[in-house]
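Next come two complexes built around chain A: one with chain B, the other with chain C.
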Partner chain A sequence: MKEVLERINSISGVKGSMVVGKDGIIIESSALSSVDSDLLAAMVAKVGKEMEERINARKNFMVTVNGEGGIILFGVEEDFILAVIARKDANIGGLRLEIKKGIEKIKEELG
Partner chain B sequence: MTDELMSSPESSSVIVSLARLYLENKMFDQAIELCLSSLESSPESEELYLILYEAYMGKGETGKAREIVKKGLSHIPGSEKLKKLVEEKKEEVPAPPPPPPEEKVEEVPEKVAVEEVPPEKVEVEEGDPVLSVLKKFLSLKDIYGVLLVDESGLLISQASRKEFDYETTAALIASMYSEAKDALEKLELGGFESGIVELPRGKIFIFEEGGIILSVLAGKNVMLGLVLARARSILSQVKKILEG
Partner chain C sequence: MTEDLILDEKTSQRIQHALEDFILDTKARAIMVMTRGGQLIAQEGFVEGMKILSVAALLSGIFNSTLNLAKAVGEKNFPHFYQQGKRWRIYYEHIKEKFIIATFFEESALLGVVRVKMKEVKEVLKNVVEGERIRIDWGRERNVEDLIDRFFRE
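Showing the complex of A and B:
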């Protein structure tokens, strides 16, 4: 899991990444020095839950939220959320691919 | 089932409850349809007129809201609640967002004559330029629908290739937007610019500018970059039209 997060963090513009439970508790995190990781975990779980309810899907979807000062991306699965926080100039295309790959690896690991 | 409910006088409270439920969930069209059908058998139900009034107001159709209150008073002349609504409408000073053209018509004396035009007609005229801009989006490959919504979840306009429940979708989109905006604020990532929800069967895009939310519903193979590039320009055009 740590390896997955480190691969994601190696992408240009990424500030940090984490695996979060659906309850907002951090399972694993990496390189989030400038970010309140507990807050990010709580926010991602909250937004993920809202999306789940609105689109009526519990897993297998990805959310990208672009703010004026940064981007949050996260993939939602049955038991966990893989979340990434990045700068506006990050390589979003590459990041999305890495998140998808990472989700598959974590699913296998938690399997 | 609705027919059975309507045929039974004691079930009118069930209809009212159901209509109220539609109203609470911003399902204005469903509330209107239910109340109008029910009025045929219960034309003296004050509650149905009150719900209809709220539903029309929720849709921004103030002309229809006024008409239904008048109709209610013709059946129930003693209704204090309906009389109060008529009084409030007379004294009403410009309401907050969104700026429905009909309210301006009420304020400007020279345009009083316009009030005689059926409200539906006014709305169509006002809606057309926005609709034509939205329809441009539909020309892109894999785009199924475009909705314009205000921050409170009220539908402003929509264009789509498929039929779906636009009012409910509008409310859901506004709710997702609000949640994402809140997260960005708390994480000090600035104001909301856009959001994308990618599902196995399609994608939902959300953009916001000046309190107007543009949502694009697309197939799973849509080009993300193309939608992102076009959406901002479409949203700016729509905003100009609505302000103009």
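Showing the complex of A and C:
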């Protein structure tokens, strides 16, 4: 899991990444301060849950949040969420692809 | 330890607003603030069939025994406490070992969100505790006789 996050973090423009449980508790985090991590974990879990409940989103979906200072991308799976914080100038297409690959690896790891 | 706690109206309102925000943001069913001795300071939300004063007293007991457990294993304290049952989850934190904030929630609320929002409530309470608008007399003994005496004095 740590390897997956480090690989994502090595992409230009990425500030940090994490794997979060569906209850908003961090499973693994890389290159993020603890304050940022807790807040980000809670936010992505909340958004993921709302999307599942309110718009009947399927389990495997990806969300992009655009902010003034950067972007947050996260993929929601049945048991976990893979979230990434990046600068606005990061290669979003490449990053999405890497998140998808990362999700598959984590799924394998979790069995 | 016994306590005598006096809050002015403005302070009470401030705490109450923080608790209301917490319930709205987290979807938790109830939150309560109490002293280490089990005196309920504020609460928001409602859990059907729950006797709030009994729960506050029990939580205070759990907190104190957990504190002793922490010391027995060489920790200063255990700042977080989480219990999960079939339906209910209980999460609490303390402020400087003097106050306890406890929340009750179901699966619809997320523990991660509860923890983040709890930090905000703690900040409000920390400011209140450190401010001059609160007066705490931790030293005075309280027992049934004292309470009866006080009742007749007033």
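Just so we're on the same page, the second predicted complex is superposed on the first by the 107 of 111 C-alpha atoms of A that agree within 3 Å, B and C clash if a C-alpha of one lies under 4 Å from a C-alpha of the other, contacts with A are read in each partner's own complex, and residues count from 1 in each chain.
In this text, a contact is a pair of C-beta atoms (placed from the backbone, for glycine too) under 8 Å apart; a residue touches a chain by one contact, two chains touch by 3 or more.
Since the structure is predicted, the reported quantities are computational estimates derived from the model, not experimental observations.
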Figure out whether A:G24 sits in contact with chain B (first) or chain C (second), or with both, or with neither.
second
Of the two partner chains, chain B (first) and chain C (second), which one does A:L110 touch, if any: first, second, both, or neither?
neither
Determine, under the contact definition given at the top, whether A:L39 touches first (chain B), second (chain C), both, or neither.
both
Contact-wise, after the overlay, does A:L97 reach chain B, chain C, both or neither (first, second, both, neither)?
neither
Of chain B and chain C, the chain that contacts the larger number of chain A residues:
B
Intersected contact list for chain A, partners chain B and chain C 39, 46
Of all residues in chain C, which touch chain A in the complex?
110-113, 115-117, 119
Contact set on chain B toward chain A in their complex:
172, 175-176, 179-180, 183-184, 186-200, 204
Can you name the residues of chain A that touch chain B in the complex?
35-36, 39-40, 43-44, 46-47, 50-51, 54-55, 57, 60-72, 85
Sites on chain A touched by chain C in the complex
20-26, 38-39, 41-42, 45-46, 49
